[in-house]
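Structure provided below as structure tokens; questions to follow.
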């Protein structure tokens, strides 16, 4: 059995716990969580230990994997501790909101080379990954354009938004990373951003409701990312790869594959799976499967600490473009 | 110019006239029609001659094509006259409701070999014809099953239904013919029919609202035809060809290719094109194009007098199956 | 914990075992299986008891559910034993190949009223069930036609086919049951069948490769079922419900929701999920969920012993129609 | 009859001539064209007059409509002449490549108020117009984002490209106009552009192979336009309107509505209609229909001289953004 210490038992932590508990080779040994009622819930559901002194967790030899889904500001600290103690690490995105902290840790990561997987779950989605494989198999020739649509069904609570780091660091960070996933060795050089808000509260909290970022890579690939904090028809997740010999699209997942016809419409389909926990359920489990294989030294991570760093760099470039009203060099 | 004498200027006749008038090599010389107000309309729209004595039309050397869209009971008579006068002939389906009359004429047709095209418009539809070509190119291997759905948006007037010959001879006759189109040299050997009526007036007029006919060919291909006299979501026209290496589907045509998404549905599409004049507009024009080529001896007809005869034979077999509650040999 | 004794640990039994082991309230206490290597596998995977004397299993008070996925000819015997011992029962389809055996047991079932669920897994499929709910909510008005397509990707081994009871009792039995599921209180009165075989071995073993059955209900609903023992493009599972105010379709499930475009094709999608274990994975788990609820007296079974009996009656009627070349009254 | 003088009988002119000749109320009286072989073709096809002195055409009282599809640099001159002579005017896009010439003429247009329709054919496409109507009917609530994809199947000859004014003025001008069509009274305020070229000849002729322009309106609507001079899978024409209550998509048109399934793919569809003459055939005819209605004072033009002016202004802003690497205010 591979023993996991799970840091953070909030909404995402609970989802990870459910997946961990279903994996046959994994056991949740510890949960580290500040809120007492969540601790109780963790014990009830998974019969795990609760330890308030995280040092004891890191020094426990029985712990194999440090699984970090605690608040963003704690990520770097726990990664550093886990590295010191030679644990395998999983960390949720974003790494941190402060890029200089990340750069400092990146240097250590490059030296120590821990087994670390970053939580860019979309890289693991069967559909999104299927078009990556087809791209690499040359099914559409050379990649020329990437168009990503990502719309949340509804905004998170304002309290969450306030400390989220903003739409580019909190939400579009996934899409920055996905562009890099498809670009492979090619890297993004230029970034431009537009944002817009129709609900007045976004301006009050200095965030944005809608955002469109365009980017250009060294090779000349143009990337378009379009985000919205709301979407009346569900969690809209689409990727389009345009190549000189074809196009690949990874589309939405629906409740079921039924269609309805009446006098006003034809082929009307069911709503999209509502949000990331449902839509990316397979992705989260495949991510976990690869984490276990990484721990066993069988594969390299599909998403690394450095991927987390560059995604944040692109988010910061988007903010700079917005402020300066310029095309920004990365 | 190729001179056409158009017999019948009712709804279908008017549609044919509009298509004839747009064909660059064709001129409508005569219209033969009993109703005075339709004669007036024909003159106004096409500046053609009206001749009440059809013998004069058949004996006019300038007439090249006899185009028959008059009532069913007149078809055979006009075909016979046209044959005698060596005209090229187009005739709407069905040939007649009385099969022995057809058999008599068939003998003459086999002897005289007139240039005659039967109005099985669906054989000319770009979609339906496209899957025929793909089938013949071996794209799905050997044909094993044909499934045809054909539903009218709403029933014709009861007055029409009463003299229509019934659902098998009036409506399903197209589908019997389409099965034969895809079967090629293979022929249908066995027929079975079920019908049903929910609106009470169908029983009163001894017709049926819904019908399902299954058939089996010499080679073993099973055909399924499903008809309905009403369809709340429009004119539903679908063909499915199942082969040992694949499947081909010819689907419906819609008002336009737009989609609508809201909180209750996704990818909702526009209604189907409403009825045969819109849905098979391309088919009717391609049919006319081939009629002109047939007249010029450039091609053989895609649909023949004999096709009209066999389709009626199958319709009669369906009635026999219904009556005897048996699988009927053709 | 609810203790289950699983009868039969072949391909289907193993799938059920995997689902049972994932259900939080259920424990596999016994596996009853004749083949020693399968017994070993069961112990290894589920740490369960192996008992060769099934009487000991039935008399063990700790056993709550008898889960029957053993060969068809053993079903009735185990159901009878389970009834006597007041166990909750799950039984795979078909109940038996001999209808008089079923009728005898049916009498006891009606008297003893055991908690029994029949393995008509398709009733539990989220898509197929979704259109049932929409039908019952009157979304398409009154039901007028049911069209079911069911094609297996490839035939089972000949050894299996020989003792399967034939295509109607082994394969189409699901579709007979599904028609009844959608018909609700309406019942099927008339049946007609066509079959065909292109591979010669089917005739040798007196089975059929393709089958089409049409049926008519008391109310006048026409049902069309089309089956094939092979399908080059995967496990084809479609249902179409046609009503006087609309149509509902439950379609196929694909590997993922990606599309491919190149110079020869557009919107090309991935293959279907390959076979029933993948395609009906959700259905099997929802079936199990309802079995547990049935055991706890919280719901009535969605599929009953009587459903199993009537489905076989329809299969037999289909054979009779084939033999007599007649429409057969049920 | 409404008499038309057609200026220019090249590829587009010939297409317009074919449509004009099919319109029942219109006659092509003159063709004005410099190339002798095209003049011959015009006479042969339409039995029209050829006049090399265009002043004689403008002064001919019988001429009702001046239909301009001659080279871009002649547009303004012919519009000015037509205005003076009180003709109804149709003019192909773009108005001119020099914005100051346009501004001068615009002043006269505002004063004289001629009946003039600009050739932004996409506004007339049944699909694109259908989503405009649905938007105006409030089907998706308030408009928040417009995403337009427009890809030509292959680039025009280099000779054409050299004098075309470049991708923004020649090709994307349609998409600039379409954004304005959907925005209604709202106006675009900010523009940003990225371009890219993989084929080396584009750099040689100072044009671009791919372009992405993002724009923001006064109300905050974000527009994304993505263009490519090549597209292996055909003429890709898509519009997506995202509103706070839903989404509307106008999609591509295909050769026919057939689908193909085999062991490697499902629901594979036919290629797109290849290029603008086929794809926008209905649009061109509806445009002409409205031109005739405009001539009869029955409607206002759907696309005006001013629309042509603003579209060019946006194209110029895109070039400025590209050069300055900035977000540009219009």
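Each chain gets a letter, A, B, C and D, in the order it is written, and its residues are counted from 1.
In this text, a contact is a pair of C-beta atoms (placed from the backbone, for glycine too) under 8 Å apart; a residue touches a chain by one contact, two chains touch by 3 or more.
As the structure is a prediction and not an experimental result, all values here were calculated from the model.
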Report the chain whose mean Cα position is at the greatest distance from that of chain B. A
The chain pair with the larger count of contacting C-beta pairs, comparing B-C against A-C, is B-C
Taking each chain's mean CA coordinate, chain A and chain C are separated, in whole Å, by 40
Multi-chain contact residues (two or more partners), chain A: 232-233, 245-247, 252, 260-263, 270
Mind listing the chain C positions that touch chain D in their complex? 232-234, 252, 254, 260-272
What residues on chain D touch chain A, complex-wise? 140-142, 144-145, 147, 149, 151, 190, 192, 194, 196-198, 210, 212, 214-216, 220-222, 224, 226, 228, 230, 232-233, 236, 242-247, 325-327
Which positions of chain D touch chain B when the two form their complex? 22, 126-127, 130-131, 134, 139-140, 245-253, 255-263, 270
